[in-house]
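In the two complexes below, chain A is the common chain; its partner is chain B in one and chain C in the other.
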Partner chain A sequence: MKRMWLVGLNTFRESIRKKTLYIILIFALIVIGASKLFSFLTAEEELKMIKDVSFSAIEFFGALIAIFGALYAVSAEIERRTIYTLLTKPIRRSDFVIGKFFGVSMIIFVNFVLAAAFFIGLLIFKKSPPDIQVFKTLLLIFFELILIGSITLALSTFTSDAFNIICSFFLYIVGHLTSYGKELIERMENIVMKGLTDMLYTLVPNYENFNIRDKIVVGLDVSWSYVGWTVLYGILYMCIALYIALYFFEKREV
Partner chain B sequence: MRKKGYRYFVIIVILFVGIHLVQIQIDYRKKLENLETALVLLPGQMAGSLVLGGFKGLAADLLWLQMESYWHSGQHYKILPLLEAIAWLQPSYILVWTIGGWHMAYNIYAEVKTEEEKQYWYEQGIKFLKKGLSYPFNANKYDIYFELGWTYYHKGKDYPNAVKYLEKATKYPHPDYVDDVLAHAYEKNGQIDKAIKQWEFVRDNYTAFFDIATRMINDLKTKGKATP
Partner chain C sequence: MAIIETKELTKHYILGRKKIVVGLEKVNLEINQGEIFGILGPNGSGKTTCLKLLLGILFPTSGEAYIMGRPPHDIEMKQHVGFLPENPYYYDYLTGPELLWFYAGLFGLDIDTAKKRIEYLLELVELHTAKRLHLRHYSKGMLERIGLAASLINDPEILILDEPTTGLDPIGCRDTRNLLLKLKEQGKTILLSSHFLSEVERVCDRIAIFHRGYLLATGTLDGLNKQYQAENLEDLFVKTICKFDNQQNVTTGETT
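Now for the complex of A and B:
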């Protein structure tokens, strides 16, 4: 555990030295701050827009941070050949992969907390302190970001950086559209096709599960039960991503 | 290594089975809590839906800003397609239905010249509000019922329908003025006993309405008429 923690801490320290992540975070804060420009609208409309823009910015820029943070976590070690030194030490490959996951999660967490705190500050400034539904939305966004990071990390153990970026973004887009596919599956009559598409529905990460912001901003309530099941979904999928990462990293000749 | 590979494979398969079961639960809860992302069936709309993915709310906001700009420049008809688009993107955004219905039944109504045209836009407003009610997540809030009740009461002088929708509005958490309008609607609909009862309820529950409610009850009991 200590070894994993050290790898994670090192990954985190390395990442905070990178300017890319700061630039993305600054962009996120600018976008969230810019949502205050809607003050010419009625209070209700303005609040909805502040929430819409902020949730979207936290998620989108958070996804960029997760993808770029996870992308370089393993590949940079291989490229700079520091991994050779590292693996000669009494560190198992599983410690290395799980440690990297912790490190990436820490980067995501810190960036997420900064952006979320800025957003909450904005709501308090607007005399509309966040309710529990806002926190539920933020919690699910956070788990979505960790999941995106873990999938990118898994891909980085067996693909090139360029392919990884394309694949991660592709999954990010497709993962938000799988809910539409569910409706099509329900209408299918061919059992074989239905089975195959149903399997695909399970295999592709369903990021839309984590998207409750469209409902929260218009005043709908989401139960803790839904949040709980979705968090469990995220954790299970993260485990899968980590097992895939472990499998390919152990097979990899470094 | 090969044995370890099989072990990983088995674990991953088991985890995917778990994911499948959890997804069933999530889909069930989505249905139960009206959280489903519905597939809109018109081909053009479906394409838009796919392109926007998880950012439909943001797109609705941009259209709303465009609508504001048309509104302030007096281009009332240009607002209509935007209202439809926002309503499609975010049907649970109740303000789009209430403002849309009001815009048709009041603003465009005031702009057109002939009685036929006025009647047409009044009906369009009502139709738009009822369309908003067809979404289950809007049907358990007072807003659209009240807007319908008010439009029937104030613009259409259709008191039976006004009473019908205002009564529905009071079944859900609502502000005090909803009860006030319902009392007026009862009276206009000829239901004096119910109007008195409603004013008594208003008097006993809302201090801000105490004086007016007392006067209304008195007028209804003595003159049988209170609302001008």
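Now for the complex of A and C:
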């Protein structure tokens, strides 16, 4: 456990010192800050707009940080050949993979907390302190980001960087369109296409499950049981992604 | 008793659909405790492949490898092994001491032991004056020296060095040579690969000559010189390799 933690901490330290992911975070903060520009709207409309834009910015820029953070975590070790010195130490390959997952999760967490704190600060400034529904939305966004990071991490154990980026973004987009996909499948007549699309629908994580912001922004409540089940759903997919990462990295020559 | 052993160790690389490149072919090696053993060979002869197979970085196509009687992926065995890769690259955002602390942690050293060890090693490789410098600002020679310090962080019983003097100036080479001899006096076993014949000649008790993935000769330098009627290591090296190439050409029908 200590070795996993050390690998994770080293991954996190690298992202802090290299500062590359800061740029994405700065963009997120700019977009969240820019949502205040809608002051020509009524106070209620403006607040909705701030919430909507901020949730979207935290989610989208967080996804970029998760994808690039996870991509860099493994591939850089192999490209720079630092992995030679690491794997010849008393460390299992599984320690390395799970350590990297810890590291990527820390990167996502810190960037997420900074962006979320900025957003909450903005709400307080607007004299509308966040209610529990806002925190539920943020919690689900956080788990979605961790899931995105773990999927990119799994892909990085057996694909090239370019293929990984394409796949990760493809899954991110398709994962947000799965509800439309279901309707599409029901209308399909070609059995083969229907089967393939159905398989894709089942395999691809449904990121829309984590999206409750549309409801929260218009003042609807989302139950804790929904939040709990969605978190469990995310954890299940994370476990599958980590299992895939471990399976391929155990067999990989570096 | 052999502390490092390979049995018919073979590694084939598959390039494309049908092309197979021999990385290592049925290599049998026995390296005894307390000796300095040198692996020699031209570029692409299989030296690094052999070391990577021993350390579990690569997986063998067939055959077996053991260090201290344990297979390459064994965690307990790795506790006693130090490794310096060829042209070492490290985390360039870390300082020298931070790198050593990271590796000390992976070996499970307690804080007091790690602190003493890091101070000692930084003095040993003469990097104690560059404690605050990030590795990205290190010269090639400095990287080689911090790599050597990192390979010694766990006070290993077995030291595996891949081209340890590449990038070092003559004084650095001499210091490394003296350090290896000092470590041998302490009872350490050292396996090194190199194509610097003079370095190998000066420090190694026994050598092995590799070429095109095959182990051509192994033994003491004197013994091999007599066997191949060679005057020195360079002569021996050329003779063994030319003999092998000629045999291969006869087999394949090529002319030189």
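Throughout what follows, the second predicted complex is superposed on the first by the 236 of 254 C-alpha atoms of A that agree within 3 Å, B and C clash if a C-alpha of one lies under 4 Å from a C-alpha of the other, contacts with A are read in each partner's own complex, and residues count from 1 in each chain.
Methods note: a residue touches a chain if its C-beta (ideal position, glycine included) is under 8 Å from a C-beta of that chain, and two chains touch if they have at least 3 such contacts.
Because the structure is a prediction, the values reported are computed rather than measured.
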item: First, second, both or neither for A:E45, with chain B first and chain C second; value: first
item: Dominant contact partner of chain A by residue count, chain C or chain B; value: B
item: Which superposed partner A:T202 touches (first chain B, second chain C, both, neither); value: first
item: Chain B versus chain C as contact partner of A:K2, first or second or both or neither; value: second
item: Which superposed partner A:Y247 touches (first chain B, second chain C, both, neither); value: first
item: Which superposed partner A:L177 touches (first chain B, second chain C, both, neither); value: first
item: Contacts of A:S225 with chain B and chain C, given as first, second, both or neither; value: first
item: Common interface positions of chain A, toward chain B and toward chain C; value: 251
item: Parts of chain B lying in touch with chain A, wherever the complex brings them together; value: 1, 4-5, 8-9, 11-12, 15-16, 18-20, 22-23, 25-27, 29-30, 33-39, 46, 49-50, 53-58, 60-61, 64-65, 68, 90, 92-95, 137, 141
item: Chain A contact footprint on chain C (complex, rising order); value: 52, 55-59, 75-76, 78-79, 81, 83, 85, 88-91, 93-94, 102-103, 105-108, 147, 150, 160
item: Chain A - residues contacting chain C, complex; value: 2-3, 6, 10, 13-14, 17-18, 80-82, 84-92, 251, 253-254
item: Parts of chain A lying in touch with chain B, wherever the complex brings them together; value: 38, 40-41, 44-45, 48-49, 52-53, 55-56, 59-60, 173, 176-177, 179-180, 182-184, 201-203, 206-209, 211-215, 217-223, 225-226, 229-230, 232-233, 236-237, 239-240, 243-244, 246-247, 250-251
